Amino acid sequence: MIQRKNENWFRMLFIWRGSVLPKVLPRLILLLILSISIVYFKGKLFEYKIPLNPAPFTLFGIALALFLGFRNNASYDRFWEARKIWGALLNDTRSLARQALTMSGYAEDSKEVSTFINYLIAFTYALKHQLRHTDASVDLTQRLDPVLAQQLDTAKYKPIMLMKAMGNWVQQAKEAGKIDTIVQSAFDDNLNKLSEIVGGCERIASTPIPYSYRVLLHRTVYIYCFLLPFGFVDSLGWMTPIIVTFIAYTFVALEAIADEIEEPFGTEPNDMALNGMCSMIENTLLEMAGKPIIDSPPVKGYTID
Amino acid sequence: MIQRKNENWFRMLFIWRGSVLPKVLPRLILLLILSISIVYFKGKLFEYKIPLNPAPFTLFGIALALFLGFRNNASYDRFWEARKIWGALLNDTRSLARQALTMSGYAEDSKEVSTFINYLIAFTYALKHQLRHTDASVDLTQRLDPVLAQQLDTAKYKPIMLMKAMGNWVQQAKEAGKIDTIVQSAFDDNLNKLSEIVGGCERIASTPIPYSYRVLLHRTVYIYCFLLPFGFVDSLGWMTPIIVTFIAYTFVALEAIADEIEEPFGTEPNDMALNGMCSMIENTLLEMAGKPIIDSPPVKGYTID
Amino acid sequence: MIQRKNENWFRMLFIWRGSVLPKVLPRLILLLILSISIVYFKGKLFEYKIPLNPAPFTLFGIALALFLGFRNNASYDRFWEARKIWGALLNDTRSLARQALTMSGYAEDSKEVSTFINYLIAFTYALKHQLRHTDASVDLTQRLDPVLAQQLDTAKYKPIMLMKAMGNWVQQAKEAGKIDTIVQSAFDDNLNKLSEIVGGCERIASTPIPYSYRVLLHRTVYIYCFLLPFGFVDSLGWMTPIIVTFIAYTFVALEAIADEIEEPFGTEPNDMALNGMCSMIENTLLEMAGKPIIDSPPVKGYTID
Amino acid sequence: MIQRKNENWFRMLFIWRGSVLPKVLPRLILLLILSISIVYFKGKLFEYKIPLNPAPFTLFGIALALFLGFRNNASYDRFWEARKIWGALLNDTRSLARQALTMSGYAEDSKEVSTFINYLIAFTYALKHQLRHTDASVDLTQRLDPVLAQQLDTAKYKPIMLMKAMGNWVQQAKEAGKIDTIVQSAFDDNLNKLSEIVGGCERIASTPIPYSYRVLLHRTVYIYCFLLPFGFVDSLGWMTPIIVTFIAYTFVALEAIADEIEEPFGTEPNDMALNGMCSMIENTLLEMAGKPIIDSPPVKGYTID
Amino acid sequence: MIQRKNENWFRMLFIWRGSVLPKVLPRLILLLILSISIVYFKGKLFEYKIPLNPAPFTLFGIALALFLGFRNNASYDRFWEARKIWGALLNDTRSLARQALTMSGYAEDSKEVSTFINYLIAFTYALKHQLRHTDASVDLTQRLDPVLAQQLDTAKYKPIMLMKAMGNWVQQAKEAGKIDTIVQSAFDDNLNKLSEIVGGCERIASTPIPYSYRVLLHRTVYIYCFLLPFGFVDSLGWMTPIIVTFIAYTFVALEAIADEIEEPFGTEPNDMALNGMCSMIENTLLEMAGKPIIDSPPVKGYTID
């Protein structure tokens, strides 16, 4: 996630870092060169004038903008839903921590409560690693007892196995007479929500926007942009390359951003800052349990990963 | 569901598999031939010039794009809602499995727990078969005891009958003194959610987008595309077939994709991968119950069915 | 609700039944005749040429499409929300039936359970009749004991009175020692949902889209369509009637469909198939209770009422 | 709320009552007069021709339609959300009444149940008066015992104080041994929902659409409409006033309707019929309690207030 | 938040305070001056005529309006969601207060209930200060006992620590025999909701709209507006500056408003009135507890902060 202070409206026009411009620049330069040659040859291809004018581009440009808007909306909705789910993870781990601290009958500084808080933190990291297809073993070994950490090492759905461990913890608390079935149910409600959180993340990660959509819109955007100079060369003359590149910048960049935020769990600049969130959840749970807070990783070049 | 890695922006322009192009190609070729003849005859029909120009097409093209956008949104919402419901199925079966494993009072490896997990897996398959109108008997016989499997064979609403079986299982657990009414209620809450999942799927499967909408938009798209060459033949000359086919490609393909994802439980390339999901739910439940995982079916030609 | 199989893309262009064309045809013919006369008189009215050209129609046509899109969305949302509520009715009656069968302590084939299932079925029919302002007495007498049926006959809010009867049934089960307060609460949660279902239907039925909106858009659509031929007569000549009628067909038909699905509980072709749904709910509840299923009414001419 | 039967499509074009036309007519007449003078002076201002043509109006008209569409959507969403909240009030009061009647242990015709039902009815009226800033004392004195009515007279948040009275009622029922804590919890869940209903209404009533939006769109609509005749006078001649007024009618009327339904609790023609709803809630609760129903106030000139 | 009465439609055209005009005026004046010089030099730059015409601006203006509409929607949704969350805070604190007053077994005027109400009020202020990055110590010291206030002084997530204190309060009430586990669960449900409220606010505050979007749209809007006069100078002559500034006003102002409400917890004119809401929540809770109400801060120049 890119985190920059709001700049003055004028300086914002010339921002490089955090903009998607670096990514799409090669394509725009290619288009610029093409446009310049088209102007130079006055829209002719092998002595033959391409008979195009702005009319079909107006008609179709607006339709294209509409379809791009749809793609964009769908991508942004995915991004925001993913963010909501991680927000729910924060809420739910806090609620479970509060329940463990104030309803479980164990003392706040007991080993049992500490174990449960660690389950929650490990759960958060396990989910992050599953979504990013990275290795969870370091983060888990650090926070769990060796036996469980080893069991998880071979598990395919690690967060789910941790949830089962939490379920067992609650059951043991009940068997130890610390809680009754009603409190168990209260824990269980929040565990159900955790289950929804894992499933929600998996859903977004495993189901992209239908592939055919993306191919169709991608093609339409690029074919449109590369035909554009032919349509405007007669009326705009040497302004054609500038105008065409400007229009293409918006269309192409919008598609590129939509492409990036569509998979919000990745590590591209506009994706969610899962590392930052994990560390934040860890800190708030540690503070609740009366333990020292760990420093957050520093922000590098406006980007939190 | 089509599952392809993200291609380079340039190579994505020439993708064949996973694109909807093969499906709509015949119609586009028909239109291309028509456009070429119109250009050849200079827009005349039996010596009579058709007096059309781009103006009404601009006006109407944008309106058409808007209406197509509506259709598209409605279809995508259906697709995504269906996906959410199957996500909820995953969450809910995991929650029920966790409850059976940690709250039911039965040992994790007891026959009772195993039966319940099998109910959940069978439920998932039964729902898939109901939605795809396929025969569930093989999948059910494999996972259920013969008496119940036979009963289900003649049942019309198989998943519901399986839910009743789960309800009976919980009631028996209570009668056996394994759980009290509060835990029974906790199970019951999740069974209510299962009920919502079945109903949600049935709703999407049984209620298409109002038929008149689809007819209206279908007609408008095709009439528009087939009138288009007459409007542009004077100003675009021999570029008419290319431009018209390009515009028609976007409109027709968008309608075709919308048509496909509107019924998300089917087996067309962009539909949901119900087989993959069933096997995934089965695996995560088996892992929770400490049983070996079954290999997922391999991906064939980028498509998961 | 119209239920047709997907036709081939070509044959779908010529469908008559299930299309809204029959309904709007007279208006379109009127417009066609008007356009033809305008072309015949070359856009003159009493020797005076009406000075109109396509420019204002382009400008305004797109605005109109946008506003029509809004109306359309609002109508479709109402339709889909109504469908969701009836879906929730299915889910909730199934959940209550499952609770009565597996949690109530009565035997599955006891008279009490049978009575409760009948309450649920009668509730469904009573709701349908309330929404369609039809007479519920036949459907209720058939399924309820005479005393209650008579009481309901004079009741204004029949489904609510049936819900109260269900509440009494639960209370009596508790007094008979069959259930405890916790199970009573579980029933009560689902009765609360039934309450939301009734209220949701009443809300949609009693609160149309603000009337001023409908008048405004209706007027705009028709005035626009009837001015259109004057704008295009100069540039399109004898193609004017064809183009104008084609554009008007889309606008007018879209408004007509929106008008139809806006009141989803009616009996027009695109409205919800309440009869079919009642019979489906009845069947699934009967199957759960182990009773024979009643045949669904046959589909007539693609339409389920 | 305006309640009219659906008219024939033709007669709907000439409806006066229920249309927003009377409200915006003076502004349209002003514009009509202005347009006529512009045509008369051939677009000159003090001998100087205003150099305008349709191009910028096409460009900007569509942008304006889009922004107006946004405003419109936001207003309609507020209206519909307010309606949903009042629908939830109906559902929730019915649920609470059912709980009091069937779960409280008091007889259906006992004084206690009757008091509770009156609390619910008084709550409804108190909420209406709070939202409309009218005096609640008559409606409250009629339905509550004098001591409570007097206490409420000075209260600022009357519905909340009534909810507290309901909470006390439930607590007293528990202390009298009529209900246990579980039933108390069931009541409490529904009281929580009541709390959400009050807060939801207060939210909509106290937070308008950001003022700057409304000013911006208002200005843009009117400046646009008053510049419009200058843009079309050259090409449309004496048709200018007609076309301009027609376009302005749609834009101005749409803004006026959006303005009206944005504050749905007011008493303008398109606002919600709070009086009708209060009387409806009262009747359904009285019917449930077995008491006679009060006649609804008659509809005057298609409008329910 | 700006709070103004609805003005007459005519006077609303000339409103200064509450409009976003003062903020964007310098940029518009810059553009106006530029446009005037362009008209003066007849679109020439160093004797060279810039070959631009309205066609590409029409095409792109509509696309721009669409993308701006997307940005606007996303911002408004954030604003409205933030408002909903604070509405939920009001509802939830009222529910918890009602529970403390009527379900806790303590007398309404007991020290314990008073402490709990103060926790709720302090929680509200702590959340406000966290969101605005202001110092909470004055507001907390005033309402909490010194020990807790000091503990909170060093806490990073103050509202969460207050929620833990509430959890402890409930636990102590249970240990004192005032409530049983069921009532504890009812409190716990509402504490879970509080947890969701805090997390929801943190989510909106910490996750802006992806930065690349904002940069892209910002650039597109400004480049578009500054190219606009070149496109219209030939056809509109000296009307160019007026028309261009008018179009630019709408685009630039819309972007500025979207920018402002995107971060709804700030202190800009269109942001949420958190101070007003805190004082309102405090008052309604004090009234419920039978304590005197504190006067609200006066509205200054139409703005509530």
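All chains are identified by letter, namely A, B, C, D and E, in their written order; residue positions are counted from 1 within each chain.
Note that in this section contacts are C-beta pairs under 8 Å (C-beta built on N, C-alpha and C of every residue); 3 or more make two chains touch, one makes a residue touch a chain.
This one's a predicted model, so the numbers in the text were calculated from it and none came from an experiment.
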Fill in: Shared interface partners, meaning chains that touch chain B and chain C
none
Discussion item. Could you work out how far the Cα centre of chain D sits from that of chain E, in whole Å?
Written reply: 24
Response to the item:
Whole-Å distance, C-alpha centre of chain B to that of chain E, is 38
Worksheet item: Which positions in chain A touch two or more other chains at once?
Response: 58, 62, 64, 66, 69, 182, 185, 189
Response to the item:
So, starting at chain A and moving first to chain E, the ring lists as A, E, D, C, B
Response to the item:
The residues of chain A that touch chain E in their complex are 1-4, 6, 9, 12-13, 15, 18-20, 54, 57-58, 61-62, 64-66, 69, 72-73, 76, 79, 83-84, 87-88, 90-92, 94-95, 98-99, 101-103, 180, 182-183, 185-186, 189-190, 232, 235-239, 243, 246-247, 249-251, 253-254, 257, 260-261, 269-270, 272, 283-284, 287-288, 293, 302
Fill in: chain D contact footprint on chain C (complex, rising order)
27, 50-53, 55-56, 58-60, 62-64, 66-67, 69-70, 74, 155-157, 160-161, 163-164, 167-168, 170-171, 181-182, 184-185, 188-189, 191-192, 195-196, 198-200, 202-203, 207-208, 210-213, 215-216, 218-220, 222-223, 227, 259
